[in-house]
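Chain lettering (A, B and C) follows the sequence in which the chains are written, and residue indices restart at 1 in each chain.
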Amino acid sequence: MREVAIIGVGITKFGELWNKSFRALGIEAGAKAIEDANLSGSEIDGVFIGNLSAGRFINQQHIDALVADYTGMATNHIPATRVEAGGASGGVAFRQGVMAVASGMHDIVMVGGAEKMTDLDDASINSVMDATADSEWEAEMGATFASLHAMIAQRMIHEGTATREEIASVAVNSHFHGAFNPNAQFKKAVPIETVLRSGPVATPLGMFDTAPISDGAASVVLCPLEDAKKYTDNYVKVAASAQASDTLALFQRPDITSYGATVAASQKAYQAAGITAADINVAEVHDVYSVGGIMALQDLGFYKKGEAGKAMLEGQCHYDSGKVAINTSGGLKARGHPIGATGVAQIVEIAQQLRGTADNRQVKGAKYGLAQNVGGTGSAVTVSILEAI
Amino acid sequence: MDVGIVSYGAYVPRYRIKPEEIGRIWGVDGKGMGKGLMINQKSVPSPDEDVVTIATEAARNMMARVPEVDPRDIGAIYVGSESHPYAVKPTSTIVAEAIEATPNMTAADMEFACKAGTAGIQVCMGLVGSGMVKYGVAIGADTSQGAPGDALEYSASAGGAAYLIGSEKIIAKINKTLSFTTDTPDFWRREGQPYPKHGGRFTGEPAYFRHITSAAKMMMEAVGTKPEDYDYAVFHQPNGKFPTRVAAQLGFTPEQIQYGLLTPEIGNTYSGAVPLGLANVLDHAKPGDRIFVTSYGSGAGSDAFDITVTDEMKNYKRDKAPVLEKVLADPIYLDYGTYAKFKGKIVMPE
Amino acid sequence: MAGVAREWREIPGRYNLKGTKCGNCGKIFFPGRSFCPVCRRASMGKMEDYDVCRTGKVFTFSVVHEAPESNNLQKPYVVAMVQTDDGVMITAQLVDVEFDKVQIGMPVKAVLRKLSTDGESGIIRYGYKFVPCE
């Protein structure tokens, strides 16, 4: 197997982008990544795209062909593959690209993630999200995606491993960083009172515990590590990209306050990278609901069970805290969550941190960065580790 | 062959509204109206309840009390109601599936205003008595409709009871049943209309009172009894006033009708009314007790039953399902706004 | 409007909590599975029908304020994970309950209720929900 490098990244603004279509967003992110990698575009020999549900959001199936066509890949008949894994669609697409290059079957691969959500009404968008859980035995029974996370939070509070304030502080941390990210949907810090007082969505979680509905796209270009220097001096090594599965329905797990798939994927990733959780300087975690951030910090091994919330509340997850910095992009909560784009956007943020190009949210001297991307309620999880060169 | 009740089960939704709360919205002295009708409160179905779910819960309570009865031995299920959720597509098949009586059986829905439940009992008696089926199930259940602001809104409620009719291990023997039937248009609802209409005071003397007293007198003459021979009596109860008055006209005492009269506390459950009243009587009855029952359905007809509780009542596992006293305990009271939401009276977006 | 067969074929689970039990290790599954994910091949052909217990306790819950359109008339409503007395976990609505009285550990029992309807003219779907019990 060959080692793999990221030689270019590209990302659009995230948010309610009323005047931009799915095609326009995909092209923008892809073109930026190709330009960043100093490529013409014709070098690319494979495309992977993460996308949750263009079929329902914009009534367009066959997104792989659309992307190949509108990024100019169809002219050269370059293969394009669309990947769907719920909220982990982007993370799994990235891993597919890494595997394609590592195996030697492809040399220069473009990985994209894109979602255009706001062309659909809110109620229908929520029903698409609900269907990333078990549609027949959770959603049909009245459980919304938010309520499944709320039941995790309720259980955490009951078991005494996190307080309501600690859970809310995940959103505060994401908003704190979002203020520094020009591409973020919400560039505004919020006090914890704002989160605690926000209108209820599914108790105990409120509006500010919830990632927004967003449009956006992100892209990275991969090549064999040994060839990276040919294109750029500022590349990043892919130290590991692991993936794990769990039951589709949350209720079929022995423990709902931890995602077994995060634990399994992170253990595989640390082993492949030859490091431990203590070596990670910066991480992007899947805070689709605030409570997801608490679980991630514990399941990834950054904190023991019951301690992640305290660290978050005390501001120990800030980019300048000297500890592992969490969601310096603003996370799903403040950067935005165009679902298929999220996993790739996390990789973009980590790559920028390791290259030292994260501007005024730069984690000083970051050597190892990690991205955790979750599908459903932990049914699919990718954990990728990047290393600065 | 003796034919009678092998088991029974009752269900009433947990929500209630009081007449004064309804009157508050329409500028009516609701409390006074409730007093006149003898209705203190009425049951309200939750938005996720309908005749299917009410009939099912009643039937499940009925089956829970006879664990030795194999539901596959049920040969017929009839659900009587005037608020079946489908105009075409039986309630009874859903109930049959929910108590696992399918598929070697027959099922049908019945409608005869407020007496469709007792009509089902008569049909089951025929099927059991003729040997066509081992057990028949008859259910009377309704989520009755009363137009907003109409007098019916103060009484129309929801509930139901289920009866397992058979010839073995009967807890109550049905000695005789008969009916009195005419064409009397006192109350009706046309196809596709959300609310029923009624003939006002015409629903009284020529309708309710004529049919009940005729059937009741026929019955007592046929079996040679007098009112004082009965321990309990149950009459159809669109409100508390009518059954109290008809009982007095026939010579029954307030004590005899006390347990069979639930309308003051739950409202008019239409097809569920007499079945529920009888269920409450059976909750209290002991071997040897004799029960007089007369239902009434607009349009119009009355079914009368002469019933004797048997020794088998001692072995009956009544506690395997909640008795009505327990079903009715701890209600949740609604304001009119929530009531309107629950009953789907608020126009929602498509 | 969704087709009717998708829900129709799930009636045993929806109405009567029909699950399966592994004839090899005894583990119970709801919804039912055609083989045991623990025993795998050893469970093939040994899965038995199993009636999940209809009573249990609330394991966790949430009051849903932002509801799907099909539940608009009911919102806010409670959704819960219930652990049945035979140890099976089930996600369902908890109804006929005052929100301030819901708590983890409270005893509940399964009832049949309307789950959703396809508008005014479409099919009505029925299935299990839970209500408080003693």
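As a convention for this text, contacts are C-beta pairs under 8 Å (C-beta built on N, C-alpha and C of every residue); 3 or more make two chains touch, one makes a residue touch a chain.
This one's a predicted model, so the numbers in the text were calculated from it and none came from an experiment.
Chain centroids computed from C-alpha atoms place C closest to the centre of all protein C-alpha atoms shown. Two chains share more touching C-beta pairs than any other pair, namely A-C. Rounded to a whole number, the gap between the C-alpha centres of subunit A and subunit B is 59 angstrom. With centres set at the average Cα position, the gap from subunit B to subunit C is 30 Å.
With centres set at the average Cα position, the gap from subunit A to subunit C is 31 Å. Multi-chain contact residues of subunit C, defined as those touching 2 or more other chains: 93, 115, 129. Residues 11, 15-16, 72-74, 93, 95-96, 98, 111-115, 119, 124, 126, 129, 131 of subunit C are the ones touching subunit B in the complex.
Residue ranges on subunit B touching subunit C, taken from their complex, read 13-15, 46-50, 52-53, 56-57, 60, 85-86, 94, 97-98, 100, 332, 341-342, 344, 346, 348, 350.
Those residues of subunit A lying in contact with subunit C across their complex are 123, 126-127, 130, 136-144, 146-148, 150-152, 154-155, 158, 199-205, 249-252, 256.
By the touch criterion given at the top, residues 6-7, 10, 31, 59-69, 71, 76-77, 79-81, 89-93, 104, 115-116, 125, 127-129 of subunit C touch subunit A in their complex.
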